[in-house]
C-alpha cells in the first residue's frame, strides 16, 4: 500500500519543537477520520512515522497532524512548509469511545503532546455538548512554553460548561498558574466517578500515575481509556512490529480500555 | 456562617477524624486571608503554623539567583501547606505566596504540639496523616524529576 | 477421485507437465551439505538416497541404503522465501511538477509457482501465514499474488526428524487440506508413490501421468508409512492450554535461564516457516529526486525491532526471547486464532546453542505445577 500524496495547506508552530500541519490530498477527498485514529506520514526519501490525527473528526476537510520533531523523519515533516507534499496512508486503528458514552461525565487527562490525539475527541464532545454530563480537561506539560493549543485551551476554559485545569512541571517567573504534575489535578477535579469516562494520553509513566489517581477516585477499569504506542512499520497488521502482548496496536489499538491493559502494563519490556 | 468545625470536616487530611478531635483541632485554628501576591511566610522564618487552603492557590517558591523566584509547586484548595511545624528546627524551607485571593485555615503549631504531647494517640494519628501528604508530594516530585516530556536519546 | 499409484519415472513426467503448464517449479535438492528448496527442472535433482540427522543445534546429511527421494524431514528452508520473499520493492516515488509526488506501486509478480515436496508441517505453515497475511482487514498484495496460483505437491512424511513434533500439533505427518496433489513414498517392495488429488487442478495433472489405480495394499502401505512416522517423532509437546499458560507466566524464571544461553542470533526466526515479521526501508538516490520503499524480512530478536523514540522497549535478551516464544505459542492465538507453531523442529535444529522450545515450554509448565504443589 503506497502513500497518497497530500499538500501542506497550513502550518502553525505550537512550541519549540512541535508544529501542527493541515494537509489536503492532491487528488480525491480526504478520508473520514474517527477521533483517536492515526496515519502513517511519509517524508519523501526519508521515512515514514505514525502520527495521530489532531483535527476535527468525522468531517470533510484538511487532515490535521500535530508533530513533534524527535528524529529525521519527524524533523522533515515539521520543516514542511505550505505547498510541500507529504505522503499519507490511513487512517488506521480504533477510536475513542466518545460516540458510545453519551450521558457520561467526560474527563480528559493529557500530558505533553498527548493532548494532540485527544483534541479530536474534545472537538466532538464540544460539538455535541448536550449529550454529555460534565466535561473536564486536565492538561500539563513540562514548562509553560511547551503547552499545546494555548489559545484553544483558553477558549475552552472560557466556556461555562467546560472545566479546564492546566499545570506545568516547572515554571518560569512569568507563570502564575499551577505547578505540579498532571495526575495531581485528578483529586480535585469535579466529576462523578459513578458515571465518568476518562481518556488519558501522555508518557507511559504519567498515564500509570493518572490511572492510579482515577482509580482512587472510584472510576472502574472499564471506563478508563489510554492511547498506547509501539514501533510501527506497516500500520496495517502485517509486519508484526507493534505487538503489545496479545494485541497489535495498529489494529486493536491505539485506544485501549485500562481493563485490557492492566495485566500488561506492569510487565517490564513486554 | 459556618464554624471552623464544619469547615474542617470537608478537608481530605482530616477525613475520618471523630467530631471531638475536629473540635480539638478547631481550638488551635483560625481563619486567615491573603490578597494576591501577599506572602504567607518566608524561607528561614520560624515555622509555627500549617495551613489548609480553602480557596485560591498558594505558590511555594524559592529564590534561585539569577533566575529569580521560581515556583516549585502550587497548593490548591483542600491541600495542606507546611509540615515544618512538626519537626525541629521548625523553620520554613520555602517561601509561600498567594496567587490571587487566598482563604485558608491556619493551625497554631505550639498549640497543636501541646495537644499531641498530652494525647499521644492523637499525635500518632496526625503524624500518619502528614506522612501521607509527604509521600504524595514526594511521588509527584519524583515524577517531575524523571523529566518525562523531555527528549531522552538512547545511549 | 480415488488414489493412484505412480512410479519413479512418473516424477519426471510430473515436473515436466508443471513446467509445460507455465509453472516455475521449486523443489528439494542437495546444496552446500543441506537439503534446500530451489528451482528444479527434473526429478534427477531430487535428493535421492539422502536423509538428515537432526538434533538440537546440529544438522547433518547422511547416505541412505536405498534411493528414496523424500527420505528426509526438512532442511533450513521453508517455502517462505518464495511466498513472502525476503526482499521486495513495494513502490517507487518521484518528485514531479509543482513539488508533487508521483507514487507507483510495483506490479504484482506474474509467475506461477509450483511447490514440489511440501511437507505436511510446511503445508500447515502456509495456511498459518495465509491467516496472518490474507485473513486480516488488509491483505498483503504481493503474498496474495504469489499464493494465488501456486500449485502444491505435498509429500507425506515417512522419516521424521530428530527435532520433529508435528504429531503433537496435529499438523502431520500426513498432509491436511490445502494441496493440489499429495504423494506418499512407498519403499516396501516396488519403489512407488501413492498419489492423491486434493483439487481439480491436481486431478487434471494426475490424469496426465502414467499411473494405475491404487490397490488396498498400496493404501495400507501408505498408512503404515505415516502412522509409523507419527510414532517416531523426535520430540513431543504438550500443546493443551499453552496460550493461557504463557499469559500466566510472563515473569517465569525460566526466561532468565534461557536468556543466559540465547545469543539473539535470530536463526530461529529465519528458518521458522510461520515467522512473518517484515520491516520497510525508505530509500532515495543521491539527488533526492527518486525514492522508494523496500520490504525485507525482520526479526523480533533485533534491538531495533521494538524501537520507540528514546529507546527500544525490549533490550534484554530475556525480553526478546520471551516475545518470540510467547508470540509463537501464546499470543498468536489471541491475534490470529490459532497456534503459530507447526512442529517442524527447525528452530531446535538450527539454534547454535541448541535451545529446544519443547523443553522450554515443558519447563514453564512443570515449574508452574511445582509452584502450585506447594500451595
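Per-chain residue numbering starts at 1, and chain names A, B and C are given in the order in which the chains are listed.
Heads up, the rule we're going with is that contacts are C-beta pairs under 8 Å (C-beta built on N, C-alpha and C of every residue); 3 or more make two chains touch, one makes a residue touch a chain.
If you're wondering where the values come from, they're calculated on a predicted model, not measured in any experiment.
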Chain contact topology (line, ring, star, complete or other): complete
Chain whose Cα mean lies nearest the overall Cα mean: A
Chain of greatest Cα-centre distance to chain C: B
Averaged-CA centre spacing for the pair chain B and chain A, given as whole angstrom: 34
Separation of chain B from chain C, taking each centre as the mean of its C-alpha atoms, in whole Å: 66
Averaged-CA centre spacing for the pair chain C and chain A, given as whole angstrom: 40
Per-residue overlap in chain A, given as positions that touch at least 2 other chains: 70
Multi-chain contact sites of chain B, meaning residues that touch two or more partners: 151
Multi-partner residues of chain C (at least 2 other chains): 309
List of chain B residues in touch with chain A within their complex: 12, 57, 59, 67-74, 76-78, 99, 139-140, 143-144, 146-151
In the complex with chain A, residue positions of chain C that touch it: 90-91, 93, 95, 99-105, 132-133, 136-138, 140-141, 247, 250-251, 276-280, 282-284, 288, 291, 293, 298, 300, 305-309, 313-316, 318-319, 323, 327, 330-331, 333-335
Touching residues (chain side chain A, partner chain C) in the complex: 1-5, 7, 26, 42, 44-48, 70-71, 83-87, 229-231, 233-234, 236-241, 243, 245-248, 251, 263, 267-270
Residues of chain A touching chain B in the complex: 17, 70, 111-112, 141-142, 146, 167, 169-173, 175-181, 183-184, 187-188, 202-203, 205-206, 209
Residue numbers on chain C that touch chain B, as the complex places them: 309-312
